[in-house]
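Below you'll find a set of structures to go through.
Next, two complexes with subunit A in common: one pairs it with subunit B, the other with subunit C.
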Partner chain A sequence: MARSIWKGPFVDAYVLKKAEKSRDSGKSEVIKIWSRRSTILPQFVGLTFGVYNGQKHIPVAVTEEMIGQKFGEYSPTRTYYGHAADKKAKRK
Partner chain B sequence: MAANDKVCVGAIAGAFGVQGEVRLKSFCADPAAIADYAPLTSEDGKRSFTVKITRAVAGGLAARMTGITTKEQADALKGATLWAERTKLPSLPDDEFYHADLIGLTVLDTGGAPVGTVHAVHNHGAGDILEILAPGQRNALLLPFTLAAVPTVDLTAGRIIVDLPEEA
Partner chain C sequence: MARIAGVNIPTSKRVPIALTYITGIGNNVAETICEAVGIDRARRVNELSDAEVLAIREYIDANVTVEGDLRRATTMNIKRLMDLGCYRGLRHRKNLPVRGQRTHTNARTRKGPAKAIAGKKK
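Moving on to the complex of A and B:
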């Protein structure tokens, strides 16, 4: 069953506090969070979170397309290395 | 990786059918692109193959390869990796790099102190991430592959310079 609209998106309070503090400081920093269940809000765009996957904090640079998803979706708990072959990485 | 001038692009998973076709496992971003990098060689470089993909099959691609005409020959090559010349990969625009080029680069910080080497490149949907392993360290350092965090990538010198972000 979907979450009621009147409740608004769920975000752990400490994530909001840390994001606000980081935005105010204006420094480029990775905000370490453990809350994989929190929803990505519009005010998080442009910030980089380190989302815990049970072992380490995976850097997640929030962009507009990610709004409404959960942080945990971008921090997989199992790693598959695979082969490099012709795969490309783009520096943004 | 056997050598920097070669890239592993696939492997032979065995025979497909009884008419000398092979089941190919492609490691390329677009699996069918493996045929574009022909001639492919074995890991030791002694055998060379051209590849003609016939169709997609369960677990990979069915293909015909030069020098393989029977099921027995295809089965004999089961597990063999296929390597392409690095020069066969198309050139990329600025700020785009092949994972194969990035892996193994020395990582220095902005002060010139060594940080480690690039162990892997990941993308979990939120941009590319460099996994950097420092000598003697068990835990890897994960760094977003952005202009802010990685201002310089010097492939000719074999090093990248990173501006380590603070942690909050």
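Moving on to the complex of A and C:
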């Protein structure tokens, strides 16, 4: 079910604070965040976030099209290298 | 023969049913069209006058995305997701279910026919 509009988009407060800080400093650095559940807001466009995937921070350069989605969508948590049988089949 | 929205030639069926043969028009939209153009739902396509067919055609052109345009829009949306590098896009790229379904079993619609794995039987 979709989120109620009257609540507004959900963003963890510390993400907003960090984003604002890096905006003001003007430097282009990776902002490390753990909050995969936060919505990507319009004011995040142009910034680069390091979104934690449970192991490391994946750099995500936010573009306009990403607005409204969650950070977690851009930082996959699973690595799949394929099955051993697949490799054998490919070699043939 | 009634030609509406390009290639579709549904005839001798009731108008709302015949309209659903067009990609992008289901029962609901078909009924709306009939109402907007003022055609009785019980009438059949071969009973329609040229003017009525034209009215339907114009209504569809103006208000509904159908056929090629619709398909193009859909593929564009999917392509957009794939280019973004988001989770939904990755799932599309790998031809796996996009909306969180299980893949341990099932998911054959997306994965295609089951491939035999050598030496799996005991």
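Here, the second predicted complex is superposed on the first by the 79 of 92 C-alpha atoms of A that agree within 3 Å, B and C clash if a C-alpha of one lies under 4 Å from a C-alpha of the other, contacts with A are read in each partner's own complex, and residues count from 1 in each chain.
We adopt the following convention: contacts are C-beta pairs under 8 Å (C-beta built on N, C-alpha and C of every residue); 3 or more make two chains touch, one makes a residue touch a chain.
These numbers come from a predicted model, not from an experiment.
Participant: By the touch definition at the top of the document, which applies to A:Gly50: first (subunit B), second (subunit C), both, or neither?
Facilitator: first
Participant: Identify the partner contact of A:Lys21: answer first if only subunit B is touched, second if only subunit C is, both if each is, neither if none is.
Facilitator: first
Participant: Let me test your reading of the model: by the given contact rule, A:Met66 touches which partner, first (subunit B), second (subunit C), both or neither?
Facilitator: A:Met66: touches subunit B and subunit C.
Participant: Who wins on subunit A residues touched, subunit B or subunit C?
Facilitator: Here the partner covering more residues of subunit A is B.
Participant: Applying the document's definition of touch, where does A:Ile58 land relative to subunit B and subunit C: first, second, both, or neither?
Facilitator: Touch status of A:Ile58: first partner only.
Participant: Touching subunit B and also subunit C: which subunit A residues?
Facilitator: In the superposed arrangement, which is not itself an observed complex, subunit A uses residues 63, 66, 73-74, 76, 83, 85, 88 for both subunit B and subunit C.
Participant: Write out the stretch or stretches of subunit B touching subunit A in their complex.
Facilitator: These residues of subunit B touch subunit A: 1, 7-10, 26-29, 33, 37, 89, 92, 95-100, 102-103, 120-129, 139-140, 142-150, 153, 163, 165-168.
Participant: Could you list, by residue number, the parts of subunit C that touch subunit A in their complex?
Facilitator: 80, 84-88, 90, 117-118
Participant: Would you mind writing out the residues of subunit A in touch with subunit C in their complex?
Facilitator: It comes out as residues 63, 65-66, 69, 72-74, 76, 83, 85, 88.
Participant: Which residues of subunit A touch subunit B in their complex?
Facilitator: 18, 21-22, 27-32, 48, 50, 56-63, 66, 73-76, 79, 81-92
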